[in-house]
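Following this message is one structure expressed as structure tokens.
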């Protein structure tokens, strides 16, 4: 029986990761809850006047999306490392840089996509003007994919570390910044009535770059980490 | 050789936890870095004018402290559960509710205390008026201890769950809210030149209550979790 | 090790019944373990040996029927090692969470030397090999004062010489008035009597 | 299982040297593993058996000197089981990350039945006992096509009947032109020749 | 080309060559630093708007410029280490990270000190300053990642991957912050004082920049030598070297 081709294996891995996610519905709901809670905390911490809130809303929503991505990125390869699956993945005949895309894809589907889908609700809670909601969803869709890819690099580099702690946040938060800036700028532009296209185009260009390069970095990182 | 008394055992556990923390200096530095990064993210997401920043500062600093506490709480008992140490702790002849205090104490020393110690730097970066800094440090000192105790309850309840994941944030975020409210209110009062004492007194009272009750809840939670 | 009286009951189980995932693992299991006895729990994979040990030591409290009475301090070694990867074997023993006595440095060193870890006292535990890792736990047996040892597959990952030494240790503990309840898929070769509790077929004296 | 030629080299190691934590584990180790051979790596705890296997399969890439050439697909089973606790044994095999062939449901069922897990195909893996857990991995041996098996202590936690079956399986794999390199602290009792590689004393044909 | 490459792969050769370079570069660096410092602090006119506080420029700007350049040195070494599997490139990269981090910190610190008298605040979220802060985090990330690995060979490779990823990101970060800032705020604070800078202030500045480059090189080489000794402590040439030192 010949081993499955790279694409077929990728799909198998994606199904596996999604199945695992479905087995832990709480894990999926969790970024959403985190999102909800932080959005609820902000008015408490900042003082709740509606006008001020609306001004913050783009930034707050984007920062929350970023944090919740950061928190979940650490786990992308962790459990597979701990139970030995990662060793087996590295020994698989299929190219590793394609396999890791399946992990990132599953991560994005269960965090970024969901966040983007529910974000309009929170946007309304924070009094974000309606015309900005499309920009919010679009920028979150592209931006969270980018975040997942960047986070995957950090996760791959740190997964084998006994003494690493949450080193990952130090490694990837700086890399997250451009995404945050363009993402929240897009929403802010929409609030101000300016065109959103350029921001989304830049995010899209960054996403293309990341899709091309991040898998290579992740594959290299995993091969190194397993030997830490 | 007789087993050590409860207090002596507590001290031994505290030393153990601190030693473990020191072995992962990154883990200790991490809440601080997280703090630094989030404080850096806020201006990026919200726009950098100094006047607006100063208005957010109390809330932002407190929310960040809360988040970084939230992120680390999950790990208080996790590694001990995973390597079987928790089983051994439950079998120890010393009273469990005292032992867990050692875990919480170590957690607070390595997160809350440090956060409070470095918070003035970040307060300055966010242009918080100087007169509010004492209030900030004091409220963080008491508040983070409270957060550690509350977080410990959540951690104890969820540590054994295979499918629980980050359920903890759902369980404990609501309990965090009063702490956040009084904590940031204390700082805001100091900014506005109002007395800070009452807020700190309330936080202190909440802390006393938590020290008395949280260990019992944690001990019960751990006994249940180990049997999940 | 204080001398202890043989024949005194240290643990009594009364009509234990356990069902796991719709399968009945054991039923109406009653026995008394006395000082000076070495018990081996037998059974195929999945027979319920680990589950029984966890009930005996008190970690499992729900989901079974029957009573367990414990009359003496016990020491339980499970499948997991309870070692912190970042601590050295010395620190792992000195700061052990099981709340046993406070051991001096020489005590710990000699215990580690006896389990073959001389020279490994101060390396991080995560650099130990599988067998060395388990051996750190065996050092606890040398240090501990507990009368009753509950050991779940203590021979796992231990090499031949180590197994022989461990068997001698078990025999001497039993001879000194202690009691041992253990599981293993290997036949024991010890100098004392072994009582068998077969979870497939029931009790066998 | 396709028939394979005996005697063809499947793996060659040349002058492997490894130092770990200041101790030299092995030096100038050269050997060729051919189809039809069963190798047992021997050595006390901490001798370097696991480290050697990880070098042979290509997981360790830093910190040693020497070359390893691999001429055939291999299957490595380490100390860790690579099973997801939340997936059932069936799903674990169907979605296995090792990138082997896509197995049909009947194939998986019959493999699980052969390792004694009939009736456990669809329970979550974390409810399996230690031995059952390891048996799921052994089912991979039945399914796999790989010529060379690298097995690190495959008998751990397996009961007596299971060990016998596994030994028969190893012998039949070798007879069919496969090759096996394994570590174990138990003496093998198989129908084919066993070659020993003792890390304490060196090679022994 | 290849023989040289091979030589770079040889620790004793690298150690010796680094020592030889240091022998003359170290005095030159010190001389340049002292000259530039004295020139800048004592022999340049004071500025009419900022008075004497502007003199911190002689540390601030060189530190900032070299800190940025240092990152590219580090990333380049990382690329060499990954592509040609050259272990000595790892050593260079590992040595560059703390030096770069220190320079970045100096730039940030002097900038903050300077900001207080000139802008009345320690900190401003400007593109250049923010990207400098991020640069510090990138450097710290490399240092921390290296320390976290037990297997130092693997650590070198991991840091190489990280610094390459960071290199792709630095221009993006700079551009993004720049754009973000200019979008939200009119240009209230501008650094582009170069055009207006008087030659009498410029020449010492250029000297100081050159001196900082030399300082970076010296620190890098010193660090590399220390790292080489540590890595190769069990080899013959180090043993010989050490015993010679003891005898001397």
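In this document, chain identifiers A, B, C, D and E correspond to the written order of the chains, with residue numbering beginning at 1 in each.
Criterion: a residue touches a chain if its C-beta (ideal position, glycine included) is under 8 Å from a C-beta of that chain, and two chains touch if they have at least 3 such contacts.
If you're wondering where the values come from, they're calculated on a predicted model, not measured in any experiment.
The greatest centre-to-centre distance from chain E, using averaged C-alpha positions, is reached by C.
By C-beta contact pairs, the most connected chain pair is A-B.
Note on chain placement: the centre of chain B and the centre of chain C lie 37 Å apart, centres being C-alpha means. Mean C-alpha positions place chain D and chain E at a centre distance of 49 Å. Each of residues 23-24, 162-165, 167, 170, 173-174, 177, 181, 227 in chain A touches at least two other chains. Under the contact definition stated at the top, the residues of chain C that touch 2 or more other chains are 79, 85-86, 127. Under the contact definition stated at the top, the residues of chain E that touch 2 or more other chains are 130, 137, 144, 147-148, 150-151, 154, 157, 177, 180.
Of all the residues in chain C, the ones that touch chain B in their complex are 57-63, 73-74, 76, 78-87, 91, 95-103, 145. The touching residues of chain B, when paired with chain A in their complex, are 23-30, 33-34, 37-38, 41-42, 44-47, 55-56, 58-60, 62-63, 66-67, 71, 163-167, 169-170, 173, 177, 180-181, 184, 188.
Residue ranges of chain B in contact with chain C, taken from their complex: 1-4, 8-9, 12-13, 15-16, 19-20, 23-24, 79-80, 82-94, 99, 223, 226-227. Only residues 20-21, 43-50, 79, 116, 120, 123, 127-132, 135, 153, 156-163, 185-186 of chain C touch chain D when the two sit together in their complex. Against chain C, the residues of chain A that register as touching in their complex are 162-163.
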